[in-house]
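Order as written gives the chain letters A, B, C and D; numbering starts at 1 within each chain.
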Amino acid sequence: MSNQTQTGKVVPGRYLARTKPATRRFSGRLPSGFVWVLPLLLLVGLVFNLPLLMTAASSLVDQKTGAFTLGNFEQVAASKVYLPVVWRTIRIALVVSFACALIGYPLAYWMTRLSRRGQTVALAIIVTSFWVSILVRTYAWIVILGNSGIVNRFLMASGLTETPVEFLYNELGVAIGMINVLLPFMLLPLFAAMLQVDPRLRQIAFTMGASSFQFFWRVFFPLTLPALGATFILISILSLGFYITPAILGGGKVPLIANMLDILINQFPRWNLAAAISLVLLVLTVGLFVVYQHLRRVE
Amino acid sequence: MNAHLVAARRRERWRRLPLATVGILVLLFLALPILVVVPMSFSSAESLRFPPPGLSLRWYEAFFSDPLWLEAALNSLIVGISSSTIALGLGTLAAYGIVRGTFWGRGALETNFISPMILPPVIIAVALYIFYARIGILGNYLALIAAHVVIAVPYVVLLMTLAIRSFDIRVEQVALTLGASRWQMMTRVLMPNLLPNAAAAWLFAFVISFDEVVVTLFVSGTHLTIPKRMFNQLVLQINPTITAIATILICFSLAAVALAAWLNRGNGFVSKADGEGH
Amino acid sequence: MKNNLAVGLIAVAAASLSSTAMAEPAKVLRILTAGGEWTDAVQKCVDAPFTEKYGIKVELETPAGFAKLAGKNQAGNVDVALMDLETTELERAQASGMLDPIDWAAVAPFEMFPDAQKPYGFAHTYFSTIMAWRPDAKAPANWQEFFDTENFPGKRALPDYPGYVLAFAALADGVPPDELFPLDLDRAFKTLERVKGDVIWWSAGGQVAQLLDDNEAQYAIGWSGRIVNKDTLAHSFVGGMLETSWWGVPKGSDPAMQEAAMLYLHEYSDPEKQACVAQYISYTGPSPALDPLLPQDRLAQFPNYKANRDVQFVTDGKWWYDNADEVERRWQEFKLTQ
Amino acid sequence: MADLSSIRIENLNMFYGVYQALVDISLSVRSGTLTAVLGPSGSGKSTMLSILAGIHMPSSGRILVDDRDVTFLPSAERNVGLVFQSYALFPHLSVYENVAFPLRVRHLPEADIRPRVMEALDRVRISDFARRKPAQLSGGQQQRVAIARAIVFQPNVLLLDEPLAALDRKLREEVRLELRHLQRELGITTLLVTHDQDEAMSMADEVVIMSEGRIQQIAEPRQAYHEPANEFVAGFLGVANVFRGPLRAAADRVFIELPGGERIAAHPAGKGIGGTGAMVGILRPEQIAIVEPGTNGSVVATVRETVFLGEGVRVHLQSEGGFDFVVQTAQTKRDFPAGSRVGLAWNPEDLWLLAS
């Protein structure tokens, strides 16, 4: 029976090969575990990293002559066409992030004070919204906010306004659509961070004579501020790349960086300029992401 | 005493009223698009009136009798299933290497694999457009699937690294000392335990691929997918058929995500089982 | 160097993936086309019978545009054998050497208007760009009134394409119709700057009716085919712009597929098929034999109808082509900075 | 039953970057015996075990099982049974399948598997639970399954990594005996890694005490306890009175002179490392007797505190010279009131001397 063991089966030759001295560790073996990563690395390297590098390279090439140039970036920086779009994108990103923080924080805070069942319902709504296709949600706003949409009909029927309020096809419409898409990205991490705050702190603060108001501003808010900051940055990052919402709700008047890239690729073939702008967007995103990671660590 | 308590409770409730109002309004704001789209899909009217004047299934019929929508649905399914399956395979292997490997630069690799999730899709779209165009595979079906793999794989890598990290490495080591080859360990020990997580990761990847618009718009060439056709239609002509598709999509996404969440609920069940003694 | 080599290797690998169907006679004809109602009509009236007759499947990529062609051309991957071009685009594509000549012998068309047959272009549609408005809005009589936002209050839905809006804007600023070309861009943009706060820019023809019906806009410039058959809208051909759309054959596409494209063009020149398209959308094709086949009660809806043609002007494709860069630059400047 | 194998470890070194987890470890385990590797956490004992199991490769050195070099053999080919503190049972498999696992991966015929699994389950008295999943078992039951799984394929060597640490105290002592019994019965060469000196002392034929990656002492438990190789071992294996001072001789007596002037009697032959000069003397609390003050040769001390241990009484005292003594006595009924003066006496032969 005992001969059936694995060691008994080892062939001497193989066994000898394996008993070479410890230098074997350095004899060109791949670092441990690297093979597992290799297939994905190849694919991502080919279909993600290489294209990004090529984009970076094309941004430094003149479209007509094919020579090295910084002209594409100069064009972005100097033109009164491209830079304003970059600024508008940043501005809308900030507005949207502020708005998300402003309406997201109270909701998340309210949710922490709800019963378990209330929390489940609220979370279900948020998660549902989160997973419903952005196209569907953006599309719905046309129906809701249009001149003959439910909101305007309500406003006019209630006599609050006589002519329909122009929600759509301007920056307001784009912002509303973006806030709706991005709010769950604010709510979910913020709510999670608020749940981390030890509920006993509240009781302790009360025993020390703090009011609800004082507890909130002196304890709770400072404790959740890093999370608020981190999600704020996250929303800004995501806002920078928005394409669908401005395309559908902007009425052609609110192009953001992504829409400009679409024009430069799909309407005018200006790849090198597009590459340069896409690189600007990349730098903005990565820069914000570094801040985000830093805030997360603080949290 | 009791009356005091009741009064105190009532005061407390009044104090919270402004907060509750804001909370409910914001939740309504989130839910509104869905609340509007779903009933409209059953509308009998041509226009996008809300509430619908009458009920019918005509827009569902319109969807299922339109060969272009069906072609788009078929493509979405093919691209979604193949890209999420590839993403699951490669992503799981990579997650294993990242968690259990000892080579240098694992953190950087993980960031690299996850970054397509963080970067604006339009950057990836532009980069892939230029790259695919240069090598002449713009509009190629396999190239489209490859793009979707890159977009879906971060979710797999995230979920699977989490799952593998929470799986006791000693169980793997014991399996090896008990005579299992690395392959036997993977197939007989690791995978059976990670199966729910893998299924969840697959579903997430599938939903991501199925919903993808921007990159698809740039690189898909002649191939239609549901979101691509939806986007084109939204820009072209607003047609209630879209509400029917939207409703189908909502149900579909929610079912998939609910299933995924349910499958992933036991992310800690392994550690719970062997962690009792700790 | 190394980078080029890598790209080359990948290209070879990719080509071997995508070139399976290339050597045999074409089973598929890929067309780059506009999309929308017109394309839907063509699919029913031309593509379906074509596939039935020759066993060649038609695959469409939408939307079309010069940039798409240029992209494919630069990529060296021209995967469509036929594409929809505006007059300007036809000029530009031809001048940039991105088109192959049409093999008219192989097409052997039914009778066509002589000006519809060019060495590089097959005129497939005559269409107009005209003004439209909600019946409950004050009707404008000309372009000055159309762009007069004070006396004709309301939103304007305008095409997000310079070629379909600048000429009208110049007319609105008082340029006499017979001096329209060469176009005075300064005066055109002056009008647009003046009204831009009241504009919704549309990018697809179908949006016009939608925006007017939804009361998002009260006035619009749109393509006649998407307007004239909607009885909820008022429209006028007065001061409209008559244009031609063309089929062109992108250079470098698969020869077998190009052969199929010639068969397709032959089918397209059939007046019966053009009449069929006109049933769905009020555009007419290049066949002189078309008139008796058209629905007589709707003749007044067709851009090419004599009474309509007389009040319109014909755009100057050559001028647009010559000034494409300038127009593009100023248009972007205007659009992106508004 | 299984082959009786011996293990020999030669000059094992293990680096993690610049950190050296194992420093020149050499030891051998005689076939059929149980050796306990004992040390505080971070001492390198678990690293050593993982190298023996083939989980990690050493930076240098060799491992020989029955004089065969297995240093770079994969785990699967080493034929060692391994039991972790966390048991590491396969959560998705039943008890039966857990135990059958090593046989299945060896592609044994089904007919052979069943009797062997059942025999192993019987040995650890867990056959009744064969169909349960690990999550449905108590900690003690899981531990038995882990042991059954480790022995079912008749490994040459059994490696136990803190196998009892997760059990409560009473169960731990019970299982300790059972495990020892099982090991003797199977005659399987066993290496036990633990930080619990009671466990090591009570189970092992030989203990290896490690600290900071180095072996401090290899000895039989009794010897290690009474004759520690250094102060670390003395301190790690229980409470010790440690006397520091020069070794002096006066008349026919040898003693350590403490800074306070007291004389700690030692054996003239100098038990342990001999010589004069600064020395360390080690005396276990139970080797000191409490006698009447003034008894010849005794040290006078004052009782400060008494701790009742159940099986004995530990008395903390301070001598007149200011030295803190710890004494343990089995006289559980006797009272040592705080402040009372007593004499402390011991057999000079019991004082174990180390060079300082």
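The rule we apply is simple: a residue touches a chain if its C-beta (ideal position, glycine included) is under 8 Å from a C-beta of that chain, and two chains touch if they have at least 3 such contacts.
Owing to the predicted nature of the structure, the values given are computational and were not obtained by experimental measurement.
J.: Between chain pairs A-B and A-C, which one is joined by a greater number of C-beta pairs in contact?
T.: A-B
J.: Among all chains, whose Cα centre is located farthest from the one for subunit B?
T.: D
J.: Between subunit C and subunit D, what distance separates the C-alpha centroids? Give it in angstrom.
T.: Spacing between the chain centres: roughly 89 Å.
J.: Using CA atom averages as chain centres, what separation in Å is found between subunit A and subunit B?
T.: The answer is 15 Å.
J.: So, what's the distance in Å between the C-alpha centres of subunit D and subunit A?
T.: About 55 Å, centre to centre.
J.: At what distance in angstrom does the C-alpha mean of subunit C lie from that of subunit A?
T.: 38
J.: For subunit C, what residues touch not just one other chain but two or more?
T.: 10, 71, 74, 203, 214
J.: Residues of subunit D that contact two or more other chains, please.
T.: Residues 76, 78-79, 106, 153 of subunit D each touch two or more of the other chains.
J.: For subunit B, jot down the residues that touch at least 2 other chains.
T.: Touching at least two other chains: 48, 129, 132-134, 179, 235, 238.
J.: Would you mind writing out the residues of subunit A in touch with subunit C in their complex?
T.: By the definition above, subunit A touches subunit C via 46, 57, 79-82, 84-85, 142, 146-148, 164, 168-169, 251-253, 255, 260, 263, 265-269, 271.
J.: Okay, in this complex, where on subunit D does subunit B touch?
T.: 50, 53-55, 74-76, 78-82, 84-92, 101-102, 105-106, 133-135, 139, 142, 149-150, 153, 159, 166-167
J.: Touching subunit B in the complex: which residues of subunit A?
T.: For subunit A paired with subunit B, touching residues are 6, 30-41, 43-44, 46-52, 54-55, 58, 103-104, 106-107, 109-111, 113, 122, 125-129, 131-144, 146, 148-150, 180, 183-184, 212, 237-238, 240-244, 247-248, 257-258, 261-262, 265-266, 271, 274-275, 278, 281-282, 285, 289.
J.: For a test of understanding, state which residues of subunit B touch subunit C in their complex under the given definition.
T.: 47-48, 129, 132-140, 142-143, 221-222, 232, 235-238
J.: Please output the residues of subunit C touching subunit B within their complex, sorted ascending.
T.: Per the stated touch rule, the residues are 7, 10-11, 14-15, 17-18, 30, 35-37, 59-63, 71-72, 74-77, 79-80, 203-207, 209-210, 213-214.
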